[in-house]
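Scrolling down, you'll hit the structures one after another.
Consider the two complexes below, in which subunit A is the common component and subunit B and subunit C are the respective partners.
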Partner chain A sequence: MNFRKELINHSLMTETIDQHQEGKRDVTFRVFRFNPQVDSKPYFDDYTISAERGITVLRSLNYIKEHVDATLSFRAFCQAGICGSCGMRVNGISKLACTSQVWEELDKCREPGIIKVEPLRSLPMIKDLIVDMDPLVDKMKRYSNWINSTMPLAEMGKKEFLVSEEEFHRYDKATDCILCASCVSECSILRANKEYVSPAVLLKSYRMNVDSRDSIHDVRLAELVKDHGVWDCTHCYRCQESCVKSIPIMEAIHAIREDALECRGPKDTSGAKHAEAFMEDIEKKGKLVEATLPIRTNGMVWTLRNLLPMAMKMIVKRRTPPPPPLVKSSKGIKIFRAMFREMTEHVKQDHQKSHKK
Partner chain B sequence: MKPFDIVIVGGGGAGLYAAMEAMKTNPALNIAVLSKVYPNRSHTSAAQGGANAALGNKAKDDTIEMHIFDTIKGSDYLADQDAVEVLCSEAPKIIRELENIGTPWSRLDDNTIAQRPFGGAGRPRCCYCADKTGHTILQTLYEQCLRKGVIFFNEYFALNLAVNGSRSRGLIAMNMKSGRVEAFPAKTVIFATGGYAKMYWNRSSNAAGNTGDGQAIAYRAGIPMKDMEFVQFHPTGLRKSGLLVTEGARGEGGYLINKDGERFMARYAKEKMELGPRDLVSRSIETEILEGRGFESPAGKYVHLDLRHLGADLIKSRLPQIREMSLNFEGVDPIEEPIPVRPTAHYSMGGIDTDNFGRTVMDGVYAAGECACVSVHGANRLGGNSLLDILVFGRIAGHTAAEEAGKFEPGTISEEEIRVSAEELRHRMQPSGHYERYGALREELGQTLALNAGIFRESSLLHKGIEDIAELKERFKKVRVFDSSDVFNTNLMQVLELKNMLDLAETVAVGALAREESRGSHTRIDFPVRDDEKWHKHTLATLVDGKVLPGEKPVTMGRYELQERTY
Partner chain C sequence: MKRYAYYMSCINESMTKELDRSIDFWQKDLDLEFVKLHEGTCCGGSNLDYVSPKHFALVNARNIALAEKLGLDLIVSCNTCLMTIRTAKKKLDETPALKKEVNDILKQEGLEYRGTSEVRHLLWVLVDDVGLDTIKSKVKVPLKNYRIAPFYGCHILRPSTVLGRDNPLAPSSLDQLIEALGGQTIPFEHKNRCCGFHTLLVAEEESLNVAAEALEEAINAKADFIVTPCPLCHTVLDGYQSKALKQAHIDSSIPVFHISEMVGLALGYTAKQLGIKRHIVC
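Our next item is the complex of A and B:
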C-alpha cells in the first residue's frame, strides 16, 4: 500500500465520511447489481458509508465507486440536474441521483437507514443502474419529435418568425424536459405495454404541435391516435408526479386528446372506442367496469397479450379491479344519469359555440 | 465497417451543427456522429445565459462592428481579428437559422427574439430562452439531426486517431455497451469534444466528462494545441462541487463576505463592489483566501455569498434556481445561511489549433467548438460568445469537411491496429502488486492545478505544478481498472479520461510558465502587466518524443490597434 495514497484517501474521507464530526449520518445504500456477462440474475449489494448534510445520492455513489467498489456502474455527467443522465429509482421512486439529498432520502426509507437504489423501469437493462435509452429515441423518431419548419430552405437564416411571448409560454414548460426517463419508468401503461408512446414523447409531441413554425401537425397527430398512442394513457398522473422538472405532462396529454377529437372526430381509433366505452359505463352504472374496458377498447387478443401479465401481477398484489358482476350500479344512479345527460348536452353546445367562433 | 466520408467526434452544439451542415452541403456523404454520452446530454445543455448576436432587436443601434470590437477587447487583443469578424458577422444568420428550425426563444413585445445585457458587451445582444438557452439549442439540434437521419454512435468512447504521416485514416473508438474496440475508417474526422476545464476537478463548473478527450487524442497524434494556458475562472462556484452559482445572485444584490465578516470587495472595486468583472472578482476572492481571510472546512477554503438580507420573498421569486442549487449541493438554504463559494474553472479558451475553416495541420482532421482554438476568444472569452462560437465554427467545419472529403482517399484501419488498442485497455485490468487509485490521482491533479496553475500563477508555483503533473503521470502507470467486464465499463472510461487530462494538464502548466506576462485570464504575480512587445502572440504546444515542444504563432490583426483593456 502506498502511504501517500492513504493520506489522500483520508482527506477525502473527512469530506464525506468522518465518524467523529458532528452532522454525519450512517447510511446503507442497497444497490441493484446486474452484469449480464456473469450474473444470471440481479442481486443487491449493501454499501454503508456516513454522509454529511448536503450530500447527494450521486456523490455517495461516486464515493462508493472510487473507494469501495469500482465495478459499480451508473451514468452521470453534469452532476447539476440538467443533462438527464442519472435517472434511477431511489427508495422506489424514479428521480435524478444528482439532485437527491441523502438526508432527505433517509426519512423516506422503508427499512430505516437503508436507501434502496435501482435502475429505471420499462427500459432494457444494460448493467447495474444503466438502462438502454434507445427505445425512447426510437419513439421520438416515430412521433416526429421535431419541428418541420414552414420556412423554405432558401430563406433559412434570413429572417425570424415572429412569435408572441404568449405562444412561447404554451411550450416553454414542455421544453424543460431533459429526457431523463423518470416519467417513462413510472408510467403504469408502459410497464404493461413497451410499445406505448411514453409520457416524455407525448410531451414533446405536444410541444411540437403547438408551435406555429411547424408544418407537420397532422402527420404527428395521425401517428399519436394510432394504437399505443395518446388514447392508451390511463390518466394515472404518475408521470407528472414524478417529473424531475415539475412539468405538467398531463396538460400536454389532455391537449393532444382535445386536439385529436377536434381535428379527427371520435371515430376510427381505439382511443375513441375507449372513450365511448367509458361514456357507456358511466351512463349505465355510474362507474367504470375497468376489467372489461381494455377488451372493449382493444379487442380480446390485444388485451390478453398485453395486459394479462400486468393483471397477474395485480392479482398477486390484490389490486385488480373487481370482475364485472361485482360492479353494482352506484346508489342514486337515476339522478346521476340525468346529470350526466345534462353534462354531455352542455359539452356539445360548448363545442358548437367554439366552432362557430 | 464501411469507410465514412466524415466522422464527427462529439454530439454537443458544435458536433451536431457540423453534422447538419455537412449533410446539407452534400447529402450523398456517409456521415457518422460519435458521442460518449447521448448527444442531448452534452455539456452545451448547461449554458444558461445565452448566445450573442447583433440582431438589433433590443438595442436598435447595435451593429456587427460593435460586437467585433467588444469581442476583440474582451480577448485582451489576443483573438485573431479575421476570425472574430467571421464569428460576429455570421452570428445574426445562425441565430435566425436556429430560430427557423424550431429553437424556442424568449420574445420581446414586438415578437422578435429577446436579448439581454451580458458582461463585456456594449449593447444588450445576448439572445436567450429563459435560463435554459444551451439546453434548448442542443435539443433543437438533436431533434433536427434525428429528423435528417444522421447516423449516431451513442456511448462510443473515442480512443485514438489512425495516422499515416501527416494524414489521418480515421478513428478508433470503444463501444461502451459491448466493450468492443471498433474502427471508423474515414476520409475526414471532425473533433467537437468540448472543453478541458474539468481537469481542475472539484474546482470546476464543468460536467464530469469535459476532460479534453479530443484535444488529447489530437495532441498525441502530433497536432499542436494553442493557447492552452488560458482557462477562465468564474468567481462563484460551490465549495464542494465547483458547480456554478450564476451571476444573478450578485446581480440581485448578494454580498461577498470573508471570515472577519467584511464585505471585502470594497478593497478591490470600491464602486462596483460585487458587480465587478468576473476575473477581478475571482482574483479578489482568491486573494482573501490566500491571505487567510477565508473560511476553512474539510472540503476546502471558501468565502460566503450572503443573500439573507434580500429576504425570503425575493430569493424565492427571483433566484429559485440558485436556492435549489445550494440546497441540493451544499445542503444550505440561502434564506437562512450564506452560501459557501470559491472561484471555479469554467471555460477553456485554448484547444486544438485550427484555421478559420476548422482545419488542423493534419490532412483530413478538423476541429470546432470549445475543443478548438481558432482563436476568437483570445485570452478571455466573453459570456454568450461560446455558444456562438460552437454554432458558427461547428457549421463551418462541417461545411469544409464535406467539401474537402472528396480530396482524400478512403482511410483503412487494420485489424492489427484495433487489436493493439484493445490490448492496451485490457492491460490496465491486469492485477498487479502495487496499484494506484484513479480517484485519488484525479483529485490531486485538480488540487495542484488550482493551487499552482489557477487564478494566480508564478514561476515557482508553476514549476511545482509541472513536477506534480509529471509525478502523477508516473503514478498513473500503476492505476488499475478493477472492473474487468466488457459491458459499460465506466471504471475504464474514467481512467482513460484521467489519462487525457494528465496529458493536457502539462500543456496548460508549460504554457502558463512560458507566458511571462498577465493577459486576460492569465495572471502572473511575477509579471503583473501585459507585455505586448514580447507576448502579443499565441503559444503552441506540440508533442514531440513524449515531451511538450513549445512554439508560437502570430496574432492576426485587423482594424483594431492594441489598447489597454479597461472597463
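Our next item is the complex of A and C:
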C-alpha cells in the first residue's frame, strides 16, 4: 500500500513539475469595463499575466484583481462550479469562469493569445462583469416558481411527502440548475425582447409543474401560455448548448408545451394552434399545408394585415405555397393514415393507463 | 456513383422549390445520385415531438425505414428536418420498447426501422463524401471576388448531442465548401446564430429582430451574399428580409443563396437555370 501511495505521489509530483516547466505562458485577458457612475461608455482593458497550465479564468481574474487592478469587478464565490455566481462570457460564450480552463480558452481566441471576457447578455449591467439578476428573480416570481404545498398547514411537519422514483426522474436533471444565467445570456428571443420568460425560468416552471407536491400547476401554466411565455421559444437550442450543467432545457420547454396542449386544448393560443396544425396536416396529407398555416395560427385578419404585402411579392416570384387542394399527398397516404390512426389508439390507451394511476 | 435516399422537405416542395431543382442540375457532375422518397412524410418540423411524441417516433421511423429498404443513407437538405429526424432516430435507438411498438405498426406497410441508415445533411455529403478536392477539381466558374457570409442556422449544429458534425461554437463545413468553390468566406459572428423562423407566426416581432441582426452584420461586412444550408433560414433571410430590415430601420438589402445554388453557380449553371431569380431579393 505504502509503495503504491509513494508511486502515486511521485507521479503527481513529476506531472506538476512537467506542467510547470512546459505549461506557462503570457496570456492577455481583454476585459469589458464599465462603471456607469464614471464612464460614458464601455471599454476594454488588457491585462497580461503569466498563466500556468491548469489555471482557470476565474483564478486569473482573481490574480488580476489582487495584483494588477483592484478596481476590476466581478462576482464569484465557490470557485468550483456549484454556486453559479461567476457566469460571464468568455471568448463570446456564456459560461462559468471558475470551470473554464485558460489553456482550453486559448484555442478558441479570435486574436491569438487574447481571451476576451465580457458580462452576460440580456441582463442590465451594474459594473464591469457584474449584471443585475433582479429581472430574472422577478420572472421567477411572476411564474410562481416555487412549490405551493398540497398539504394542509395543520399537517405540515407531521406527515411525510412520498415521491416515487419515477416522479423524481422527471425533474432530477432540472434541479441541477444553479441559476448562473448562461442560458439567459445565450437566448435568441430574450436578446430580441427582454419581456420573454427566458429559458432558466421555463426550466424552473417545468420542474415545479411536474412535482406532485405542488398545488398551483394550473395557475402557473395559465401564466406560461400568455404572451412572451412558453410559445415564444424559437427552438434554437442555444440555452441547452450553453448550459453549464448539461441540462436538456429544450426537453423541459417541449414538456410544458405538451402539458399545455393536453390541459388547455389545442385551440388555446396561437402557439398551440400552430403546433397542432402539424399533427392535422401530417395525418391528412403527410405534408404540411403551408398556405393556410398563418390563418390557422392567427386568423384571417392577422394574416391579411401582416402577410399580404409579402404574399404579393411571393406571387410575383411564383414562390407562394400551393392552396390546400393542390398540395399533393405523400405517396401511399392511405396506408400511412391507417398506421397514424393506429398510433392514435395507442396514445389514447397510454392516457387511460396513466389516468388510472 | 454514390447513391443516397433523398428526403423531400415540405418547404422545398412549396416555397423553396429552387433548392431541389438546383441539386437535379449538378448531382451527376459530382457523381451523386439522390433517389427521392416520394412516400416520405412531413417530419413534424420540430413541433410534432411535443404534440405527440409517439406519432413523432412513428412518422420518422417510417421516413428512415424507407431509406433502409433501399439500403441507402437518408439525405436531408433542411436543417430542421435533419435535427427532427435525427432526434427521432436517437430516441428509437435508445428505447427498444418504442422501436418495437413502432415496428409493429410499420409491418402493415412492409417496413421495418432497424437503425442501419444514417441521417445526414446535404452539406455533409458534399464536404465529407464528395470531398473538397473533388469539388475543387469540378469547379468551372470559381466564385472568386465574392465575399460570402456563411449562415449555418441552428438545427445543423444544435443540439450537438444529436447533430455532432460541426463544432456548434465554431462550425467550419460551410466555410470549407465556400472556399472549395473559390469563394471568400468572411468572418461572421452570426454564423451559428438563429434566423427566428420557428416563431415567425407566434412572435413575429422577436423573430424579425433576430433575423435583422444577422442581415445587418452581413450588410455591414460588405458581403456579396449570404449562403445557408437551410431553406427555413432562407425563407426568413430572403422572404422576410425587407420586413425585418424595415423594422430595424436599415435601408439596404443582401441576396441569400441555398448551398445547392452556390454549388450550381460554381459548376457552371446560370442563375436563371438554378432559379435564383425566384428569390425575393436578387
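Definition applied: the second predicted complex is superposed on the first by the 248 of 357 C-alpha atoms of A that agree within 3 Å, B and C clash if a C-alpha of one lies under 4 Å from a C-alpha of the other, contacts with A are read in each partner's own complex, and residues count from 1 in each chain.
In the analysis below, contacts are C-beta pairs under 8 Å (C-beta built on N, C-alpha and C of every residue); 3 or more make two chains touch, one makes a residue touch a chain.
The shown structure was predicted, so the numbers you read here are calculated from the model rather than taken from an experiment.
Trainee: Figure out whether A:Q240 sits in contact with subunit B (first) or subunit C (second), or with both, or with neither.
Mentor: second
Trainee: Please identify the positions on subunit A that touch both subunit B and subunit C, taking each partner from its own complex.
Mentor: none
Trainee: Residue numbers of subunit A touching subunit C in their complex, please.
Mentor: Of all residues in subunit A, those touching subunit C are 92-93, 108, 188-189, 191-193, 196, 228, 231-238, 240-241, 248, 250, 254-255, 257-258, 261, 270-271, 274-276, 278-279, 281-282, 286-288, 290-291, 293-294, 297-298, 306, 309-310, 313-314, 317-322, 327-328, 330-332, 335-336, 338-340, 342-344, 346-347, 350.
Trainee: Under the stated contact criterion, what part of subunit A meets subunit B in this complex?
Mentor: Against subunit B, subunit A makes touches at 1-2, 5, 8-9, 11-12, 14-15, 18, 21, 35-38, 52-56, 59, 65-67, 69-71, 73-85, 98-99, 101, 103, 126-127, 130, 132-134, 137, 140-141, 144-149, 151, 155-165, 168, 171-172, 175-176, 178-179, 208, 211, 213-214.
Trainee: Would you pull the subunit B residues touching subunit A in the complex into a rising list?
Mentor: Listed in rising order, the residues are 37-38, 40-43, 45-46, 55, 93-94, 96-97, 99-102, 104-113, 129-130, 132, 135-136, 139-140, 143-144, 146-147, 154, 177, 207-209, 240-241, 243-244, 298-299, 324-325, 327-332, 434, 436-440, 443-444, 481-483, 485-491.
Trainee: In the complex of these two chains, what residues of subunit C are touching subunit A?
Mentor: Interface residues on subunit C, with respect to subunit A: 10-11, 13-17, 38-42, 44-55, 58-59, 62, 80, 101, 105-106, 108-109, 154-155, 158-160, 168-170, 189, 193-194, 196-199, 201-207, 209-210, 213, 239-240, 243, 277-280.
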